[in-house]
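Same chain, two partners: chain A is paired with chain B first, then with chain C.
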Partner chain A sequence: MSAGTDARRTVESLLRRLVALSGVERLLISLAALVLAILVGAGIILTSGRVATCTQAAAVYFGLGFCYDPLEVYFVLFNGAFGQPFNPGIMAGNLVNPTWSPFTGPLTFTGPLLTTALFTAGWNPLNFSVALTLKETTLLIFTGLSVAVAFRAGLFNIGTQGQLVVGGLVTALVVGSLVPVLPGGLAGALLLVPVGVLSGAVAGGLYAAIPGALKAYADANEVITTIMLNFIAAQLAFVAVSEFFRNPESQVVETAPLPGYATLSSVVFPQGSDFSLFALAFALVLVGVIWFFLERTSYGYDLRTSGIQPEAAEYGGVDAKRTVVTSMMFSGALGGIGGAVWVLMVMGKWQTGVPALGFDGITVSILAGNNPLGTIPAALLFGTLKSGSLAVQFETGVPKQLVGVLRGLIILFVAMPEFFRAIGTNVVDLDADDSKAVATDGGVTGGDDE
Partner chain B sequence: MSTQNTLTGLLERDWSYRETLVGGAVGIFVTIAVLGLLLPESLWADLFGIITERSTLSSALRLSVPIVFAALGGIFAEKVGVINIGLEGLLIVSAFVAILVPAILGPTETTLFIPNLWVGFAAGILASVLFSGLFAVVCIRYKADQIIAGLAVWLIALGLAPFAATVYYGGVNTENLGTSLPTWTIPVLSEIPLFGAFFSATPAVYAMLLAVPASWFVLNRTSFGNHVRASGENPRALDTVGVNVSRVRYASVLLSGFLTGIGGAALSLGLGQFIGNNQTMVNGKGFIAIVAYLFGNYNPIGAFGASFLFAGLEAVQIRLQQVPGYAIPDSLIQTIPYVTVIVVLALVGRTRIPEAAGEHYESGDD
Partner chain C sequence: MDRRKFLKATGVAGIAGLAGCSGGPTESGSTATEESAESTSESTEAETTQESTASADSEVNVGMVYALGGLGDKSFNDAAKRGIERAESELNVSYNEGQPSAAEEFPTFQRRFAQSQNPDYDLVCCIGFAQKSALQETSKNFPDQKFMLVDEQIERDNVASYVFKEEQGSFLVGHLAGLLTNQQFEAGAGSTSGDSKKVGFVGGFEVPLIQKFQAGFTAGVEHADENIEVTSAFAGSFSDSAQGKEIATSMYEDGADIVYHAAGGTGLGVFQAAQEQGKFAIGVDSDQSQTDPNYADVILASMVKRVETAVYTSVENVAEDSYNGGELTTLGLEQDGVACVYGQELGSEIPEDVKSSVAESRQAIIDGDISVPTEPQ
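This part shows the complex of A and B:
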């Protein structure tokens, strides 16, 4: 009795101490949001499974047949994203042998405990699906970082998408125009790839300077301007390519393909997987550099204070307006790098219909608590979702747009820490102290214009 | 020096911005008219012809509907202190549901003597109200950051509508219902040249022309309107006189969902189809609506004017694409409304938003 109470008290105080740590709290809230989004997603899968038409029910719950089985969907999602490390057979039939019993002694076991092998024999971690997952992860690290940097400066950069489109286009054009004048082979690659990435960064940064300057000098809400600039970027890039830079040999609106040596080629992973370990390494290094910059340099300090306390920053001698513009440009440059890597690693050219990497970056950043280091696991998670969704659509028939729904749900749940605190207080009585939304405690929200 | 003073004077006065903009719009119109009349056979003449064409006016009215209703919804939400940046999402959800429900029930049949087209209209509105209810709970009860929650509403709708369309139709676009909102023509009045367009329109256009003054009346002449404005400006005072601030906020955010839902349902039912690729058929109208009510300074009538300006640009842009002989790419012309939004926002950026907008209110009672 008393031992039980003691244990409970220990757990309670441990939990309380854990939750008091804001970093841990953020992590817990991100995890809780993720779990809740997955549960709500399961509900949506079940509901749509009632509406969809199929010849045979994939699952029967509560006596009702459903076309889609959420358990199977999430299993396929994970398994598909990593090239089936688990044996797909374990989802069919009973995994545990019902006649197995530990009491009959090791010599008389009636068959093995598990009816089917858990893992797929001969699974190679360097497979095509893993490459696809890591490709998405790499791109999402750039866009997630882009959103996170702006957030830390108290700005909502919804325009990473547009900056990525512009950055990618400029990269394709600059590299494409340099190819004829520069030598080919390794020397060309060593010159062209960095120049391409740099030009993408510059273009993205300059495009982001527009909403930055409008915010700083005309007080125009950056949420709206960046969203509008996304529409404009997509249209302008389309016009630029279709009117001036179009590859005449193609039916699609796209630029001429870059030669193989001018792009990031795949190493270790299978050819044609559009994933390069160099790009991932670059992304990881960039995460470290940006973390160091934000946390350990005086400019990073200014950026963060002007995000949290603009008046204090101004008092401390920071030019708040200029900081708004430079941090927006910084954020846009990262988005532009994302576009450059998309062109150099994935497409080998710029093509209309750029994927919504910038919007996914918002989720990655919010899930990461706007911490640069957090973007790595958040991007990996989202990369898994995106790459696995293709397998889901192929194997279970659930549309791959499911990821879009999960993206929104995750953002919604991370935005409401009070909800999880309320649940937490019902389980363990915690002292709710601050009611600040986690996702924005990097700074003042952009919408609260005076 | 005096130029500097004039400039600073202009910068400090909020209204002069709007006056400048409205004056600018009128000026551009007059310029086009003069040039068009002086130089027949030119681009100006074509533009003048397009602007004064009855079909342009009627398409501008039709295109205004979703923007105006979303802007009215945005006003009610922001006036009460909840910034609803998810208007775009509400438009998407209502536009999709308004098509899905009649498609399931049978587009030309009736349910309980009501044509299914109207059942779909109501279902679209209901979906938007439910979504705004969710948004309200998240923002008011669970004190979520309003901007992020609003973005989430948008992104959820942006994912959910194409997802559901793919489940039901096998693609992100729905099939065409084969029927759309009827045109109600008022005899005699609809014969007036040009302005007859006001009297030969879909019911949604008439609803819009009623909703604008009605919203103004509710907001400025009723006790509910007083509570709404007080809740956004000084919730403590409202609490002191014994009005439940949370209840007023819930009511107003739900009203915002109701109004936006009308706009979304009218958008898709006007065409008979929901288009779900890229940014869906809503394509930024919710965000344009936000700029419209900021431009209109939270006044429903001003918001209507601004929305009509944006929709008019869109209508002219669509007509311009059909005029042969100009080598301007369509995609470039399509950016005009978005660029205008940015310019307008840059000029009216310094809007005074309600004092308590974006903040949570904690009643002292609990």
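This part shows the complex of A and C:
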């Protein structure tokens, strides 16, 4: 047997092992990847801590001083994302009381065993850092869902970003134009917010129908068209706002701000945190609905079979072209909702320079194995890293670019096994077992010989 | 086993390599201050230098929230940073800084400084007009926190606003560009052809603030010669040097001799294009022939906008208990808030008669004999 086929066999059997993994195993792999990413990141922090110049060492390892302390960075990264539930004092060293012995006191965690309290006194879970983490999580659930739905239908929707931009803009304009004609206060909020979200969904869906139709009726690759439409969306929105819907009182290219009652206000969480529990609840409900829709309805079944085996789906009576368009629209509508929530919850207006939520959604979806339920933990990981990296920027001297590298490493390491698994499902046939294939082969040749 | 040997070898090599690195902390000792002064004087190293974190023993603690281009733009944000560094060395001030990467992060950064107890920030500097709407919220929520805002105005008692007359400085560099494109001029790595009557302007975004630069520049060029054509383009970003290079290259190829940029980090691309094409460029905000010496051979002059003065003055006011909250400070040519500063390398080669007519129009603007438009015609 040649070396080429040998290598191919190895790759195939690796992929097969990946595909065949159980849920628990996948979780364990993700955790191991996280640990590995942290170790590699720590190496990078140490190295750059030697290259950088500073007057005082942040840490000393192996008798060498380093400008940045990896332990501190990762501690702040995860602790800071939740507003420091753990006492930063525990990083000062000598956590365990050296003079403690079983005879001096009872074995308690806050007692004399530890020199400092493990948890921060007076930590309130409803703080700004948690709000920031959850804000990012909420937005990424929408975009992650959007990409996941398209993936399940066998479509690569790279255009969630564009659909989000368009959806957000339409939401801002629709709500902005309805504000003068509708009553204010709670009644206005109950009308305006759902209308805003709905118009965002419709706009995003219609915008995604373009690449869907191009794919179905002109056989244009949706990866290319959706990427291109991202640019078109960003520029169109920019021109539309700067020429026609500009807030005249502002230097920035933005629409006029919406009144407070027309936006998603921060319940429970402190004012000005740009996060609303309603939005998170809505996102979670949407995850459930989409999961049910994909797994338990006949349209969802059609969508999934089109993704796995388009020919079989068509044979089974699915209108393939229509499914492509509708699933793109469905995906785009979710992206549009993401834009609507960004406008209504975070900005209170549409503003140029929309963050790359749609692109992050692709990674969230891969991380989630394209499973709607998986987007929740995947988005939470993203949110934690985002919020935590701001904390690192504030509390340590580590430059923000380096923090970006650490974030990227974690995402890369955690997403890669899932990514290869996603590839593997398309390449490898699970039922064709390695050993069986060899046996049948041998059997056939043996039969010929006889 | 092979693998184990490999791991051991890489481990040892890695640590040995790290030990050999030239950087790292200067071990605690008497030379610490000397070393730190040395390292900050080198701009490349200063970027990686650990920031002096605000501490409790200083008299005044300042929080800096930079504009979106971020530090290292060699222009707007770096100018603000110079202001706070000067305050740090001259007044008993320590500071901490944050670099937001999207507009939606402005409130987070501002609030983070405003609500901090340890240290308690005496002043939060918000650099750039884009922070206005975020600061309107934040300053309302933290009425006891002092803020300062550059490039925009908020009328609230706890916000000191600083704006500049960018059109005046831009008029001067426009006048300079107009005079030079009309004659045969060669210096450094660039030259003007003398026969083409074209200059260019590259802006970050097409917003009123940047249009002030554009309007002043255009008026200055027309002041030199009404027949010179000014082409203007906007990059749509303050941090996209590739885009800046693309725009400037097409302007130079189209016959423009001199391109003026008001685009923050995007402008670095304009300088690259000028070098490749053998033409000239005019910098903005900082003296860019000094902040970016690699391009000193094509930078004729810079329209300096002394953001550092605004930052320093506001910190000084707070340190001396004369904080001017609620007031708007306008810095023009007269207050030396904006100026046309000739390039380090090329400045001496610019003909004296050109310099003197630029100086004349400067005086005329201060005296009110020339009024500079703030919006493009």
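Just a few scattered comments:
Assume the second predicted complex is superposed on the first by the 326 of 450 C-alpha atoms of A that agree within 3 Å, B and C clash if a C-alpha of one lies under 4 Å from a C-alpha of the other, contacts with A are read in each partner's own complex, and residues count from 1 in each chain.
Heads up, the rule we're going with is that a residue touches a chain if its C-beta (ideal position, glycine included) is under 8 Å from a C-beta of that chain, and two chains touch if they have at least 3 such contacts.
In this text the structure is predicted, and so the values were computed from the model without any measurement.
After overlaying the two complexes on the shared chain, residue contacts for A:366 are found with chain B alone; chain C is out of touch. When the two complexes are overlaid on their common chain A, residue A:347 makes contact with chain C while staying clear of chain B. Legend: residue contacts after superposition of the two complexes on their common chain; A:415 is shown touching chain B, with no touch to chain C. By the touch criterion stated above, A:252 is placed in contact with chain C alone, chain B being left untouched. Of the two partner chains placed by the overlay, neither chain B nor chain C lies in contact with A:244. Taking chain B and chain C in turn and counting the residues of chain A each one touches, the greater count comes from B. Applying the stated contact rule after C-alpha superposition, one finds that A:224 touches chain B and leaves chain C untouched. In the superposition on chain A, A:51 contacts both chain B and chain C. In the superposed pair of complexes, A:66 makes contact with chain C only, with no contact to chain B.
Contacts of chain A with chain B, set against its contacts with chain C after fitting on chain A, overlap at residues 48, 51-52, 238, 242, 399. Residues 43, 46-58, 62, 64-68, 128, 132, 238, 242, 250-254, 257, 271-272, 274, 346-347, 351-353, 355, 390, 393-394, 397, 399-400 of chain A are the ones that touch chain C when the two sit in their complex. Of all residues in chain B, those touching chain A in their complex are 83, 85, 138, 141-149, 151-160, 162-164, 166-168, 172, 279, 283-284, 287, 290-291, 329, 331-332, 334-335, 338-339, 341-342, 345-347, 349-353, 357-358, 360.
Within the complex, the chain C residues that touch chain A are 14-15, 18-19, 21-28, 32-33, 35-36, 39, 45, 47-51, 53, 68, 96, 98-99, 101-105, 107-109, 111-112, 115, 129-130, 132-133, 137-138, 141, 151-152, 205-209, 236. Residue ranges on chain A touching chain B, taken from their complex, read 44, 48, 51-52, 156, 158, 214, 218-221, 223-225, 227-229, 231-232, 235-236, 238-239, 242-243, 359, 362-363, 366, 398-399, 401-409, 411-412, 414-416, 418-419, 422, 435, 437, 439-440, 445-450.
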